[in-house]
Amino acid sequence: MKTVVIEHLARVEGHGGITVELEGDTVGSVRFDVFEGARLLEPLVRGKRYDEVAAILSRICSICSVAHSLTSLKATENAFEVRVSPQTELLRELLYRGESIESHALHLFLLALPDYLDYPSATALAADRPAAVLLGLRLKKLGNSIQEAIGGRAIHPVNAVPGGFGRAPAVEQLIELRNGLIEGVADAKAAIDLMASLPAADFCHSDTIYAALRANVDSYYAGDEVAVVSDGGQTIVPAADYRTLTNERSVPHSHARHSRFQGKPFMVGSLARLSVNPGRLSGSLAAPAARLDFRLPAGNPMDNNKAQALELAGDVERALEIIEQLLRARIRDEPPAPVHPRAATGTAITEAPRGLLIHSYTYDGEGRILSADVITPTALNAASLEAHLRQTVEQCAERDDAVIAKRLQMIARAYDPCISCSAHLVRRR
Amino acid sequence: MSKPRVGIFGLTGCAGDQLVILNCEDRLLDIVALIDVRDFLMASSENDAACPLDVALVEGAVASRRDAERLRAIRNRAKTLVALGTCAVWGGVAAMDRGADRRKLLEEVYGEAGLRYDAAPTQALHEVVKVDLNITGCPIEKDQFLAAIAHLLAGNTPIYPAYPVCTECRMLENNCLLIERGELCCGPITAAGCNARCPNLRIPCVGCRGPVADANASSLLATLEEKGLDRQRIAARLATFAPEGVAQRS
Amino acid sequence: MARIVRIFKMVEDNYLYTLRFLDDRLAYAFRHQPGQFLMLSVPGAGEMPISISSSPSRPEVLEICVRRVGRVTNALYRLHTNDVVGVRGPYGNGYPIQEMTGHDLLLAAGGLGMAPLRSLLWYALDHRDRFDNITLMYGAKRPDDMLFREELVSLVDRTDVNCLLTVDADPAGTWKNYIGLLPTLFGHAKIEPARTYAAVCGPPVVFKFILQKLLALGFPKNRILMSLERRMKCGVGKCGHCSIGYKYTCLHGPIFTYWDAINLPEMI
Amino acid sequence: MKILKLRKEKLDLFASVVQQFGEVHAPVEQDGKYVFKRLRRWSEARLEYDRTILPPKKYFLPPRETLFRYRPGEGFAPCSEGLDQRTILFGVHACDIYAINILDRVFAGKYNDPYYQARRRNIVIIGIDCSPDQHCFCRSMRADFVDHGFDLFFYDTGDYYQALVGTALGDDMVLASGSIFEAVDAADIDNYKRRSWNKRRAFQLEVEIRDLPEIFEMEYQSGIWEELGGRCLSCGSCSMVCPTCYCFDVADDVELGSLAGSRARTWDSCLFASHALVASGENFRGPRASRIKFRFYHKQRGFVAEYGRPSCVGCGRCISACPVNIDVVQVIERLRGVQDAGSR
């Protein structure tokens, strides 16, 4: 028996590794290990007041800190039945789009692109293909500029609070963002072209179950229902029943817990979102999708990269729309909606860049947290990732360690795992 | 002069400070042209995990035996070790409630499997190894990071403001949230350098940068208490990001 | 701007720099008094006050003696001859030479305190006829820590100056002068307080012990001249850092009398 | 001095004339407080304000300003950006003008500060009358009236503003506005006197500053300093908002990968632990108590020796900006041993 070990997975956020045991041609165990230290933020947040929770739990992860903040705020607002203004909704979605643009650009250009072109890093790639890297950096910066203007900071937003925002962005700031986004449209198009020019990565096929929020409005950063789709059809899970979806269990090799739906692993993220909402591909994304030769149902997890590129283009477009809308509606500096704490439970599910993110809190009458439950996309993906890693090895004709290792890493990266996220979960008793 | 060899590492944290480095979009390629990045797992798959380093930038806190071992190994390789971000400098949010029984919490979170995990009470880097330079912030401020790199390349130790967030807040001419709205603002004891991001948006400072060297936490606590805020709540708030640091300074 | 024309290591971490202005006109125009200082910049690192160690009686050279302690001093240390630094000044009041003329002089320094006093010392020796008895007392930790050692040891045999050098300890056993703390040198000098001006400089302990001694001897308070050190950012009485009570070290000092010290709280 | 009057309704007209002379800045409301700000339109100006959060000093000595840039081989080049910008401060109170006059002296003298002086030459000051609130004690500090340091000053005499023309430029503004200014007559003078008398009685706070320097000396060891030191947060707020606190720090920045860079100065405060700290580790004002004592001592006593008057003008800003309610008037009263003398 031999093992293929990827000791410390590079170009991902957080600490994880992959171990595969091979017995001749049969694949033994395949493990995605997470050895990110356990920060235990959920139990530590117990006793904190409702207005402190988002700032603490956004620290679960930097790349999806906006998603964590906003999901946290929504969970709290759901518990206290706070109704935020339409302007707040728009600003929040804009903030989400900013994060998504930044995150997808970071993943596609700095983390994944080097794989396709056989470079160890984006900076090494920059020596030969500066234009490609600069394109990615520009898009990434565009996303950050939105997060800075709306969230007050590119990482761990400070401006979003229960009920709304500390201060609305000034009209001049929005105009500046708009100008940036107008340039971003061309860049996003160039990103699609670049993706279309990459060598195909096709070494793992399977029927995958996808789970994502069902978008009934333009905004799909938040919703009430999760749809789980497979070739066998669609199941709808209401937000409050999120446990039937996650059904988590701890596994000894990992600090991440694994989720299964009706006993089967499922995938969340860009690819899942498009699979659940194929309608998104019919509008302005139809042409880019054709350029990328992107078709549903996707049987190849590597297609998640293509899906991200499509979303990137869609996000830039949608962000522009939102800004126009805010400007037309004459954005005002409005105070956050009033919050009246009470003893209650609130759950919120949103689409973080990497997929479904769930925060669920129970508060006491004074607005202090009694228990917090956070379920992150990387944790939801863990079982699916392991399954795809196994299939990758199984479907690999060459029994060459280097080839296997490279493919395994590409699959793992295509999931865009955010390992520090995955380690911070709490099981509610 | 040969380029300084640099390693960028993350222990347990949110990777936000490494992300700040990647967020220096306009300067990223300039930086990598000036330094020789040998070890940066988050951005490269070709790393030299053993070479001696002129500068090691380490983010995150020490939350496991594995972290502690890695940190010691980094220390042995590096001439200058820089703690990057509040977690590295102060322990960060995960250092709250150090007294709590970790095993119990682990079991609660991960079930029985949790008891086998490698987990230890969260510590700041300086509690484990000698740290040469601290760049605080949750996350660090991009401008400060760039200035620090520029100064280090020029051979100087970077300088940081030795005053609290209030000073910056006043320079920006904000209304004071603590005085005028009686809010629990940590500005008076929190190290400046963020340009009062939160109060500038009418949001009380949560102290994410850790205490200023000269913090008078006990006086702030007393003042807030006079304003009718609950003592326990104030103490917990002040100690969210740098629990031990604030305790030492009150 | 001035060029570093010579760097001489005096003792570990203490270097003597000889500077020359890039602009000749500036070089001619620069005239200082013993006890004055200049503001020296190392671009990129910052600016700092440094006493002028050379005497105005030797205008060919402009010398400063710098100890490596922090940002700017370390940046200076990394420079080489021919490198350029920024210089402004001279600033400060300097010693009241006119008033001191015709009197005895007692120069008492500890450690780095010799840096400003050296200017006065050579000024007095170069204008020997203007002063009566001149006594120098200088103490260092060890012989290897003594600034301007060769130069000062060569004064020991001169008859026109009573040069008393002491070290706290002499581990190598080669020191031929006194061993003991600075105040013990008073036992070897004949000082007549009534006709003497005392110039004192050194770390706070030096001030403490020398002042006690001088007062016990009956020195008039306004003839005890102290050269003080304070944090300085501008050198011209604006930035506020060097203020002591209502005086600015950079404008009204760095030379203060003991009478000033009584009036200005927290001076010593 | 040329003294004229302007019908109150005509102030708007005058403001439109003034705009032709430069960028107009005036107090603007911000969540119930006031700040000097560039006006987008004249109607934003709030001339009946209590006090701005920051005093006008921010225009003359900005919180942060680049002094020099340098490049290797080229040396230092003074930074002159914005120094010649003509700004009009409309609606400055007497105490703030008094404070600027004090800063003028600090930044002049043997070593003139070219940055400050250039701004001072280019910034126009139009003063306005005010009425004291519970924190104002400018009258006690002899700063409730200024006789110079402004281009124009408007006193409220009922239906009119009585305008003192302080400079030739002020006179140009008057002339440029055609005939809207009128000559004053005996009745106007009487009105002014009445206003003056009434204002005097409007002060709620009073402190006695004669022999204050002596009292400071006598109370140098007073226990009050320890007590204040225990309370002070060293947050620097009082120094930032004070119209006559001018301490600054200077630091160099370098550009990435080169020795080119710049030197900037930033507001500083004597309440920071680093203020009197030197490289040897010696801190001449280490304990917080000695720092807060120094602030009061320097303003109320040190300045008297140096400039013949305290540097405090009694604007009351530090009182309203201190998170722990350290109140200069109370401190002075306690040093004096007077009970309740402040409130009459």
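Note that the chains take the letters A, B, C and D in the order they are written out, and that residue 1 is the start of every chain.
What we mean here is this: contacts are C-beta pairs under 8 Å (C-beta built on N, C-alpha and C of every residue); 3 or more make two chains touch, one makes a residue touch a chain.
It should be emphasised that the depicted structure is a prediction, and the values quoted were computed from it without experimental measurement.
Asks: If you take the chains that touch chain A and keep only those that also touch chain D, what is left?
Replies: Touching chain A and chain D alike, sorted by label: B.
Asks: Could you tell me which pair, A-B or C-D, is linked by more C-beta pairs in contact?
Replies: Between C-D and A-B, the larger count of C-beta pairs in contact belongs to A-B.
Asks: What is the distance, in whole Å, between the centres of chain C and chain D, each centre taken as the mean of its C-alpha atoms?
Replies: Spacing between the chain centres: roughly 39 Å.
Asks: Using Cα averages as centroids, what's the distance between chain A and chain C in whole Å?
Replies: 66
Asks: In whole angstrom, how far does the Cα centroid of chain A sit from the Cα centroid of chain B?
Replies: Comparing mean C-alpha positions, chain B is 25 Å from chain A.
Asks: Quick check: how many Å separate the C-alpha centres of chain B and chain D?
Replies: 37
Asks: Any chance you could list the residues of chain D touching two or more other chains?
Replies: 251, 254, 259
Asks: For chain A, jot down the residues that touch at least 2 other chains.
Replies: In chain A, nothing touches at least two other chains.
Asks: Mind pulling the residue numbers of chain C that touch at least two other chains?
Replies: Expected reply: 44-45.
Asks: Based on which chains touch which, is the overall arrangement a line, ring, star, complete graph, or other?
Replies: Chain contacts: none of line, ring, star or complete; other.
Asks: So which chains actually touch one another? I want all the pairs, not just one.
Replies: The list of touching pairs comes to A-B, B-C, B-D, C-D.
Asks: In their shared complex, at which residues does chain A touch chain B?
Replies: 8, 10-15, 35-44, 47-49, 52, 55-56, 59-63, 65, 106, 110-111, 114, 120-124, 126, 130, 133-134, 137-138, 140-141, 144, 152-156, 158-159, 161, 165-167, 249-252, 255, 257, 409, 420, 425-427, 429
Asks: Tell me, which parts of chain D touch chain C in their complex?
Replies: Against chain C, the touching part of chain D is residues 70, 72, 75-76, 106-107, 109-111, 113, 220, 246-252, 254, 259, 261, 263, 265, 268, 270, 275-280, 282, 284-285, 290, 294, 297-298, 301-306.
Asks: Provide the residue numbers of chain B that touch chain D in the complex, in ascending order.
Replies: 27, 30-31, 33-34, 146-147, 149-151, 153-154, 156, 159, 162-164, 166-167, 170-171, 173-176, 178-180, 187-189, 202, 213-214, 216, 219-220, 223
Asks: Sort out for me which residues of chain C touch chain B in the complex.
Replies: 44-45, 71, 74-75, 78
Asks: Show me the residue ranges of chain B that touch chain A in the complex, using the header's touch definition.
Replies: My answer: residues 10-20, 22-23, 25-26, 28-29, 32, 37, 40-47, 60-64, 66-67, 92-94, 96-97, 100, 102, 105-106, 108-114, 116-119, 122, 138-139, 142, 197-198, 200-203, 206, 208, 233, 236-237, 240.
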